[in-house]
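Per-chain residue numbering starts at 1, and chain names A, B, C, D, E and F are given in the order in which the chains are listed.
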Amino acid sequence: MGAAIRAMLLRDLRLIWRKRGDALQPVLFALLVVVLFALGIDTHSGAMAQAAPAVIWLAALLSGLLALDALFRGDAEDGSLEQWLLSPQPLAMLVAVRVFTHWMTTALPIIVVSPLLGELLHLPHAQLPMLIGSLLLGTPLLSLIGAVVAALTVGIRRAGALLALIALPLYVPILVFGAGSVVAAAQGLDASGALLILAAMLAMSLVVAPVVAAIALRIGWR
Amino acid sequence: MGAAIRAMLLRDLRLIWRKRGDALQPVLFALLVVVLFALGIDTHSGAMAQAAPAVIWLAALLSGLLALDALFRGDAEDGSLEQWLLSPQPLAMLVAVRVFTHWMTTALPIIVVSPLLGELLHLPHAQLPMLIGSLLLGTPLLSLIGAVVAALTVGIRRAGALLALIALPLYVPILVFGAGSVVAAAQGLDASGALLILAAMLAMSLVVAPVVAAIALRIGWR
Amino acid sequence: MSHPSEPALLSVHGLGFSRNDETIFSSLHFTVARGEALLVQGGNGVGKTTLLRVLAGLLPADSGELRMDGGDLDHARRAAAFAYLGHLPGHKGDLTASENLEVSCGLLGRRPDRRIEAALDRVGLSGYDDQLARHLSAGQKKRLSLARLWLSPAPLWLLDEPYANLDLDGIELVNQLIRAHLDDGGTALVTTHGAYAAPPVRTRQLLMARAP
Amino acid sequence: MSHPSEPALLSVHGLGFSRNDETIFSSLHFTVARGEALLVQGGNGVGKTTLLRVLAGLLPADSGELRMDGGDLDHARRAAAFAYLGHLPGHKGDLTASENLEVSCGLLGRRPDRRIEAALDRVGLSGYDDQLARHLSAGQKKRLSLARLWLSPAPLWLLDEPYANLDLDGIELVNQLIRAHLDDGGTALVTTHGAYAAPPVRTRQLLMARAP
Amino acid sequence: MHPLVRWFHQLGSPPYFDRFAARWAPWCHGIGAVAMAIALWLALFRVPADYQQGDAFRILYVHVPMAWMSMAVYLGMAIYAAIALVWRIKLAEILAMACAPIGALYTAVTLATGSIWGKPMWGTWWDWDPRLTTELLLLFLYLGVIGLYAAIEDRRQAARAAGFLAVVGVVLLPIIKFSVTWWNSLHQGSTISLTGPSHMDASMQLPLWLMVIGIHAWFVGALLARARADNLRREIGKAWIAETA
Amino acid sequence: MNYQGYVIAAYAIFMLAILWDWLAPKLQIARARREAKLRARRDATRKGEVHS
């Protein structure tokens, strides 16, 4: 099992490295969403700064959503997925490794540039640590729950919008606690509760989501 | 040529009717963006209403962007596109018909529900006519300009994110004048200038974009 | 190659194509006259498909000249003269067989003496008019493409492996269609691996091989 | 079918599968013993691929029972015993040939007596270790899949049209690999249209035909 | 075999189910129509206007039963889906998938009637109140199930995938509800509270309960009819349909 | 205050939905029936001809 994890990790890291240009796409997309929002709003009214946490969270979420389709699709199309399904290794473990590398290439870069995004939207600096903290706890959750949806739709050829429709209701709690915690902190309320709940959800998802996604994969792949 | 237009229109309308469930997806996606934004922001602070035009425009734009890949992709994959390229009919005309039906199924439904979206974000009722007007002028522009980008990337297998990256900068002026006109009207400024510019851009694109997209198609399709 | 007395429907001089600076073929010469077929033969990957796509104008040639009936071959003439049957079927899965043919007649034109129902009959698809194309089997899809060809007014058929996916009946059907088309004064360029029967008509052969 | 004296490696009783309530096959019975191959034959669309995918567990059977070495076939035993070569290559185009084999050895296990370089050699890909899989030709990709099979410790090979895409050398290679595998006490289920040479080993045949 | 078990197996046979549904659906519809007609008549013409809300309070008689049903139907769908997933019973798949469009419709009606009620009561069609938000998300969940079921070609696989989503959704529903409530309480107290008529007069209660009974019967009828349609669609081309047609 | 419009709108939506709930499956059943009949007829014509 250790060998399998090592092989999967090495494989994904190599693939990321060979296509390192693609890894920039999610962060560029998030940046564009933020810029477009800033262009569409009256920047001097203060509404922008108030909307900033919601917009940055929305940007991270939408860009993760766009990337979600690629989570298993490539492996499904070239037959790698079939080999996973036939492998004696626990499928949930393979899924977990895949989700981890996917999070690293899609969500982590956005977290890294989130101070920049905050600056663009005039987010008060005091809220930045809260924003980063909530993203760090929330985005893995997005990836884990997204994996279940991606697995269910892996057999459908052009799943884009359907994927979004299915995933977004499931994303609501994450967004509510994630962006909500920043808003709460801005109002001087105690936001640690929201972060704790996010952490608890993350801990649970880490255990449950790969297993559920593995079941969904067996259902979704004809 | 009349026969060809008729054949293309009939074809697209039949296809839309056979897959009428899919026609709901863009409008659902726009609705989801709005819902997520509302969930992420403090809904009672007034910032939501101020950001409403930008968010609704962003929602229309992103959902159009998601649908853009399907503009020529299906026809490319099943070989219909090759037949268009070989047909004695002017390609620009076929493209124009395709863009028109695509706009009707992706953008028009969003315009139809835009009062609902405005209501969800507590957009002041007085701004609604301006919002609808700007969407009516702006979304065909999005489709026309998007068609050029979709044509250029039609040969690339998973173009989703790339398409977004190329298209979004081109969309900036449309968004600026579109959402900007609503904001200006809200501040009591004269917004007819922005609308006029949008109308002028639309008139020009109606003539130029199909031709450019046709050239791009010949380049993009190996 | 010898030149027939009648002016060749299509004549190709010094045609060359390369992809990423890898030459697929270069300085290809051949002519095809009305009433005869050209068999393009060669192993996997020698460039048969590429040649047909270049002729159809789907890929840009690097060099060379194409002439039709002795005149230049511009885009409009090419579009009116060529009908192409490639690896992709070119049907919408969510339209029925006859709706698909309606579309292609609208786009590509229709021989005035041929009707959609008769064409479906001709290729052995009678009774399948209102079956969605995506519910047809691979062989039936191929037959639908053949019906499109049969309806088209173009004199020059470019057929890329028309025999693939078809059973023995289907192979016979292709040969019959080609023969009838040639008897009408048309021409066909047919690629094949050589494993299938050639149509029983006057043929020339173009043997392609990998450039060393 | 007669039952051999040794317990069959795989025995199948009353296997049935249907898709959208269209029965693809029903109540299929057969057994395969160690050291013999089963040729699954039949025309286009009779369900050969489907049968192999059901056996591999990629599709759920509607009815029927599978037994291995006389015991029940649960998920873990199936995963350890079956190696599958389907229509999809199962390689990442952006990994090299040997990196791809490393991955599959990690996931599917490796016979202790076989090494990656030796396997590449065996299938005629020596010298291509560092070539990206997407730069291999169709036939070479097939050979890479064969190397994966060769490295796998599974005794039961499910080969879906292993001869497709291969030239004469390649067909001979498949036959050699199957023969060696059977000599080692393994078993192979091979689907084919019947147009290619069968491997020169003890074989049973399963002839499938369309249900009326 | 126990007669009940045997009956259940029989019910699973498509022709038998077709006959069963064709026989009983009209009865359910009939009972539902009568009960609802009486309830509507009472609610519109017999119940006195509320002293606070005036006539607007009459919307309760359509809004509340629909709101309850929207959730009950989801639960039913998830239960059928779970049965289908565990025991692979085809009839359970069909019933689960027949629940989805009905539930979506009831949810949409809840949202619409609630909005219409909200305009005169709160002065706005919509507010991001937790109850309203969760109802909207419930609609999205229904639409996701319907969309997934429609997107997969193989009907049984489609039913299994969509059923799986329904079951996952039921696990998440309380979390969504809880999160939205929690989030809302972060801000200043909501200006809105759904003040139910806690001390309802018996004469005001009767139409409500009649309505609830009626809508349940109607739902069962609709479920049977929709399941019958799906059952027929899956069996097109089988001999028994030609015989019954 | 006169809320009649709102009440009528809400009840109308309810009635329409209920009606649709009754009508939709009826239409679906009819369509399935028709399709089955068409299919049967088509299969009959197909069986008539010599099949490949």
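Just a few scattered comments:
Keep in mind that, in the parts below, a residue touches a chain if its C-beta (ideal position, glycine included) is under 8 Å from a C-beta of that chain, and two chains touch if they have at least 3 such contacts.
What you see is a predicted model, and the numbers here were worked out from it, not measured in a lab.
When chain centres are set by their Cα atoms, the one at the greatest distance from subunit C is E.
A count of contacting C-beta pairs for D-E and for A-D identifies A-D as the more extensively joined pair.
For this pair, subunit B with subunit E, the centres built from the Cα atoms lie 35 Å apart.
Note: centroid distance subunit A to subunit B, computed from Cα atoms, is 26 Å. The distance from the centre of subunit B to the centre of subunit D, each centre being the mean of the chain's C-alpha atoms, comes to 48 Å. Annotation for subunit E: residues 137, 140, 143, 147, 154, 180, 183, 187, 235, 237 touch two or more other chains. Residue positions of subunit C with contacts to 2 or more other chains are 139, 167. Annotation for subunit A: residues touching 2 or more other chains are 162, 165, 168, 172, 176, 180, 183, 187, 222. Residues of subunit E that touch subunit B in their complex: 124-128, 133, 136-137, 140, 143, 146-147, 150, 180, 183, 187-188.
Put simply, subunit B touches subunit E in their complex at residues 21, 24-25, 28, 32, 35, 38-39, 42-44, 119-120, 122. Put simply, subunit C touches subunit B in their complex at residues 56-59, 76, 79-80, 82-84, 86-95, 99, 102-109. Across the complex, subunit A meets subunit D through its residues 3-4, 6-8, 10-11, 14-15, 18-19, 77-80, 82-89, 94, 221-222.
Only residues 22, 25-26, 28-29, 32-33, 35-37, 39-42, 45-48, 50-51, 53-55, 57-58, 61-62, 66-67, 69-70, 73, 158, 160-162, 164-165, 168, 171-172, 175-176, 178-180, 183, 187 of subunit A touch subunit B when the two sit together in their complex.
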